[in-house]
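Structures follow.
Here subunit A shows up in two complexes: once beside subunit B, once beside subunit C.
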Partner chain A sequence: MSEFARKICLLGDFGVGKTSLVGRYVRNTFSEKYLTTVGVKVDSKEVAHAGGVSKLVIWDIAGKSALDHLNQTYLRGASGLMLVADGTREPTLRSALYLMMQAKSLLQDPACVVLVNKIDLIDRWEILPSTLNELRKTVPVFETSALSGDGVEAAFEHLAAELRRQT
Partner chain B sequence: MNDFDRLKHLLLEAEQRRLDGLEQGRAQLSDDLPKLIGQAQQDHPVALAAALAHPVAEALGGAVQARKQQLVDALFPVIMPAIRRSIAEYLRAVSQDLNQIFESSLTWRGLKWRLEARRLGVSYATVALRHSLLYQVDHLFLIQRESGLILDRESVAGLPDLDADAVAGMLTAIGDFVRDSVGAGEAELSSATVGEHLLWVLRGPRANLAALIRGVPPESLKQELIVRLERVHEQYGDQLGVGPEELGSLPGLKEALTPSDLKAIRAEAQVEPSLRPVMLATIGITVLVLAAGVLIWQWQQRVANLVAGLDQTPGLEVTDVSSLPWWSISLQVLRDPLAPVVLPLVQSRLPEHVGVSVREQAIVSAEPAMVLERMRRRLDLPESLTSNITSDRLVLTGTVSPELWRALHSRAQDLAGGVVLDLTGVQADWPAALASLGPWPKDVTASSDGIRTSLSGVASHSWIESVRVLHGRQGWSDLLDLSQLVADRSEELARINRTLRGKSVSFDQGEAGDGLGLDTLADHLAGLLPALESGGLRVRVVCLGLSDPSGAETDNRRLERERAEWLCRGLSARLGNRPDSLWQLVEAPLDLATLRQRAALVQLEWIDPP
Partner chain C sequence: MTEPGPAARLESHVFAVLLERAQPLYLQFSSDWGLKSLHGAVAHWRADIEHDQLVDAVRDLFLGVNPDVSGELSSVELAGGRIAHVHWLRGDEGIDVILLDARAEVEQQQLKQQESHEAELASMERGKSIDRLRRVKHELERRQSQLEEANALKTAFLATLSHEFRTPLTAIFGYLHLLEKRLQPDVESQFALRAIRRGATHLFGLSENLLEYGRPEAGEYRLNVVRIDLNLLAEDLRIMFLPLAEEQQLDFSVRIEAVPLDLCLDEIRVKQVLINLVSNAIRYTPRGQVTVLLRWTGKDFEAIVRDSGIGIPSAFMDSVFKPFNQGVPHGSRGAGLGLSISKRLVEQMHGELQLKSNPGEGSEFRVRLPNLVIGRSPAASGSLLGEPGRQWLDGGTALVIDDDPDIRELLRLLLEDLGFGVELCVTANEGFERAIALKPDLVIVDLRLPGLSGNVASFKLRAHGFTGRILALSGASDPESRRGAIAAGADQFLAKPVQIEEFVRAVRAATSRP
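Now for the complex of A and B:
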């Protein structure tokens, strides 16, 4: 351990693919089977960068469209947030943004990225590119696929770099 | 925030309006529903129960099936105390069993523990448990309470890797979950079983300590961990709560758990194979036989050492030994009357309780040491005489009085009794024996042929005479030869001349021719000269004339010559037939120049002095 680990939380509506994204990023695996997350699942991953190695502790929080009391406690001490939406379900983006606002009011200036997942199902895509472009003006947005791995690494790396910048 | 407000409006406005409508209807329903159910319960309680029974059961079953984990998690804090209770119950039972097992077993360890229990004033089972329970702290995590991030971790080397960060996060999440679902302060997750591990979580205001333990730890371990957690808080206090970017600036935090201490609280497995009674008995007998063997062997060593010691003592010789190990011993010893008494010697070298009997037989020992001792006693040998004893030889060196020397030479051979006695190094101390006669003349030397000592050189006549007298009185003729001593006669003559100076002839009238005392002087010389010349030597009589200080020096010289001539003539006439030997001196010699009187005197001189 060269420095202390950083905690990041994955927030988003149920079934958007948070657990799958973590699985892809941490273990490079993917499963079609949907096992909803109960409570929270914590993983960790070391991120190599030019200045050495830093560690991310990733809290994959059960899917909700709004944060209840328990989920709020899970957020404590987090330095970064990953808001996940499902590109094939337009309302999940609104949930993600709503969650982001809720979380930001609880945390001190957390680093945020928005992930719009399941880009491999682009033909069933419900979210308009214009909406995303509008969104990109305020927060970094990544289009990802836990299935294919597209954009996953880049999204986590971006958040990690953002956290390093904070120090 | 402006951006977000804008976004919010953009995304949620339509939805919000629809929700508001729904909200009204739903609020109405929730107001009515409890009332309706209450009513139903009052009016048709059985019917309501019957109606709900099936779906409720169904729902519960489904919930258990679908959300097993969630149910377990929810029940966990309720069940844990019960589990703990049952574990405590189990341990009590175990301790009871152990008590019985050890109570009836007779192992060395059991005995040791029993003693320890008595010493500490605790029950035997407590001690036995403390020694037999095995545990090991495999992982120890110091976890930031808020974030669940690891502040410090220590793990036993060689264990499979564990994602400590994830575990710590999960522990924190579970803790939060428990607190959230049961209510803060009511129950806390404090211990659980995780696979083969026992998990302990100790809570602090800023950080928690989680320990993954294998085996059954004693309660004292928890105390130890609590102390450790408190120490960390004491050291870092509120700083433990800061964000990860600031944590890095707290020195020593990553080593806060002090791993060296951690090892100290690990107990190593102590396994002792159970010993069957037969084996125990065999071992017991073997130990006894070995112990007896060792004791007998030790006794034999002791007796052998004792006998060797006695044999080495001059004048003692052990002829027979018989003993009952560590009980009694009887010895038969040949003993010279001069040797030490045997009984106290033996008693001092054995334990008090051993009975000792000694039979002594008197002998005259021929050992050189005994011979020497005998000689010392009989001849009264001085301490200055040194002795050198070899197996069959006794060499004496030093100086002794002539009497002792003679006694040694005449009687020692009888006392030696077969031992070769070497007396060549023993000298008679003649200077000491003759010391009473005055200082030893510097020209006299003593030389010995081993039996007789011969003195040679020049000494005063008187000293030689005294030696001769002593020699005769002591009967030293066989020891001391004086024939080489030569008397120094000039000294004798000087003495005589001193008396002659008092016997001067005086001239009152100032003229020579009628000196007084001539006859007395002549008689004195007549008695003296024959004795002096008896050894064949010749003596010259020198006449000296003296004068008083008055008068001219030339007249005085003349008077002196005339007085000397007158004395010579007078003596010559009275002593007769010594024509050659008479001689006259004109002027007074220097040493007589102070003697200024009207007188004449004589002095004697050896002709060709020796």
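Now for the complex of A and C:
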């Protein structure tokens, strides 16, 4: 039984890999097939750490480039945000940052991390390293691959640790 | 008791239909989220067999929220794949939560959304593909005339074969260099080292010829022009071929005549041509002599390779320049690529290759090359072999990321010789973590690594603000690999097998301070 539980929301454009990231983190699974998310998928994972057991309730919200009313209702009670972009589609990073701005205006000081997914397709990336280097000065950024698992655990763990630190 | 009216009957019917579709499940919680009761379509929601999982999933929905008097969350997929519209009512004694089955509605919406998203993604991919196709078309048009000559299967096979030679050859040459430099060998060991060098050089020449042969005849061949030291070149030829000539009891000599100090040529290509010609001459000369003359005519550079060998009948004079000894007698003694490659290389250097021969008397190959405009500083020419590096590279740190243990160790030895403190890693992720912690002056990264490629390490380092120099190593030497490595963040790109002189130059260039 976890003493510490927090709600986090994944936001990002469609097709960036939000559901795959959750699948990789919670169940350690991955599917090549793209299946769009309607509404929201709610999952959870308990993680043991030095200070006890923490539970993350993960809301994987349907991909949009901006928050509509429905998505705003899903955000209520969230303590952390995971903004997800696809490295092979540069505009998805702009969407992720716009979503972060919108969501921050609805929540009280949420902890945020940016995930730039699909590092396994590095040769097709449109996002430049210098862009991420600049972005990293304002928000933690993780290059991830839901396919290989690279960076996924680290990104979730970072957010969880940040949430624990805030308590 | 009176019968209900028609309107009431219809309402009752609608209610029954909606209930059947919604399969409502009612959960009553106390104010502190203890479950008080659960009823409704229990079996439909598997609330009987997965009771605790379902109740926990519902509680999770309200984590961090102080629910309003009433509210709704649409299209929620709960753990276990249950899809619901979630409604709640708050009273004095707790919270009532109602789950209504939304699977059919969500699945229908998902079908539509899937189509629309896939169409949009396909359209984006199509746009990118069209761009790529345009570039490819442009490239194809540029190379069309050359590609018609190419045999794709043979090309791919030969190129792959040659690439596979490069990594082990890098290790052989590197360790050989270290042994020659560090040991004080006795006569027998010297002989053994020379034999190893001779064999490795032969393999290197063969693999370079195969690679050159496998490469389409590029219209825009990029020459690597440096100020050439003919004494070094002559010495290299002597070291390489004298033992071989002595074994066959041949007289072998290399002479230099009237060469200006600032002769500029593509040294690597010139060397490749001369290695091919001398190697052929020795192979086809059972007795007598093989001579090499390097000279300046006042207008051109000439290299003349003469032998007293078996000679070539006039009927085959043209055929010898075709690959794989097509139609040439005694063609089975070598791979049959040397002369065709040499001719191609000489033409790439804007020169000509002539042949005179008399059967039974011998042959003469004459290479004539114009002095080329220099493209690099004299200091960058290949004369650094054997120079101690500590004088100009002291105190730096270097990180090597390579999965081949031989290459890793070789690079460590070379870099330590150059005055670096060296750390070694095997994978891109390990290398990235180490580089971030160590902040080395130089990172040397192999592109083909287990798991993520070396380009990922370069990219992540640059994306984390790493400002040290990055030198990428690759078994592939094509422009695409070079472009990919530089785009990912590398400062320099070296194709294997890396010659020691070339490596030293690259490290020096990478770490030189302005």
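Here is the rule we use: the second predicted complex is superposed on the first by the 165 of 167 C-alpha atoms of A that agree within 3 Å, B and C clash if a C-alpha of one lies under 4 Å from a C-alpha of the other, contacts with A are read in each partner's own complex, and residues count from 1 in each chain.
Keep this in mind: a contact is a pair of C-beta atoms (placed from the backbone, for glycine too) under 8 Å apart; a residue touches a chain by one contact, two chains touch by 3 or more.
These figures come from a predicted structure and were not determined experimentally.
> Is A:I119 touching the first partner subunit B, the second partner subunit C, both, or neither of them?
The answer is second: A:I119 touches subunit C but not subunit B.
> Scan A:Q166 for contacts with subunit B and subunit C and give back first, second, both or neither.
A:Q166 sits against subunit B, while subunit C stays out of touch.
> Looking at the overlay, does A:G39 come into contact with subunit B only (first), subunit C only (second), both, or neither?
both
> Is A:F156 touching anything from subunit B or subunit C once the two structures are fitted on A? First, second, both or neither.
Touch partners of A:F156: none, neither subunit B nor subunit C.
> Tell me the contact category for A:F4 with respect to subunit B and subunit C: first, second, both or neither.
first
> After superposition on the shared chain, which partner residues are touched by A:T138: those of subunit B (first), subunit C (second), both, or neither?
first
> Is A:M101 in contact with subunit B, with subunit C, with both, or with neither (first, second, both, neither)?
In the superposition, A:M101 touches subunit B alone.
> Considering only touches as defined above, state whether A:H69 meets subunit B (first), subunit C (second), both or neither.
Only subunit B is touched by A:H69; subunit C is not.
> Report for A:P129: first if it touches subunit B alone, second if subunit C alone, otherwise both or neither.
Touch status of A:P129: second partner only.
> Across the two complexes, find the residues of subunit A that touch subunit B and also touch subunit C.
5-7, 38-44, 57, 70, 73-74, 76-79
> If you look only at subunit B, which of its residues touch subunit A in the complex?
3-4, 7-8, 10-12, 15, 67, 69-70, 73, 144, 146-151, 163, 165-170, 173-174, 176-177, 179-181, 243-245, 247-248, 254
> Can you list the residues on subunit A that touch subunit B in the complex?
1, 3-7, 38-44, 55, 57, 59, 69-70, 73-74, 76-79, 93-94, 97-98, 101, 104, 108, 134-135, 137-138, 166-167
> Mind listing the subunit C positions that touch subunit A in their complex?
Those residues of subunit C that touch subunit A are 56-57, 60-65, 72-79, 83, 102, 106, 109-110, 113-114, 117-118, 120-121, 124, 429, 451-453, 455-456, 459-465, 484, 488-489.
> Mind pulling up the subunit A residues that touch subunit C in the complex?
Its residues touching subunit C are 5-7, 14-15, 34-36, 38-44, 57, 62-63, 70, 73-74, 76-79, 89, 119-120, 122-123, 125, 129-130, 132-133, 136, 141, 143, 145, 148, 150.
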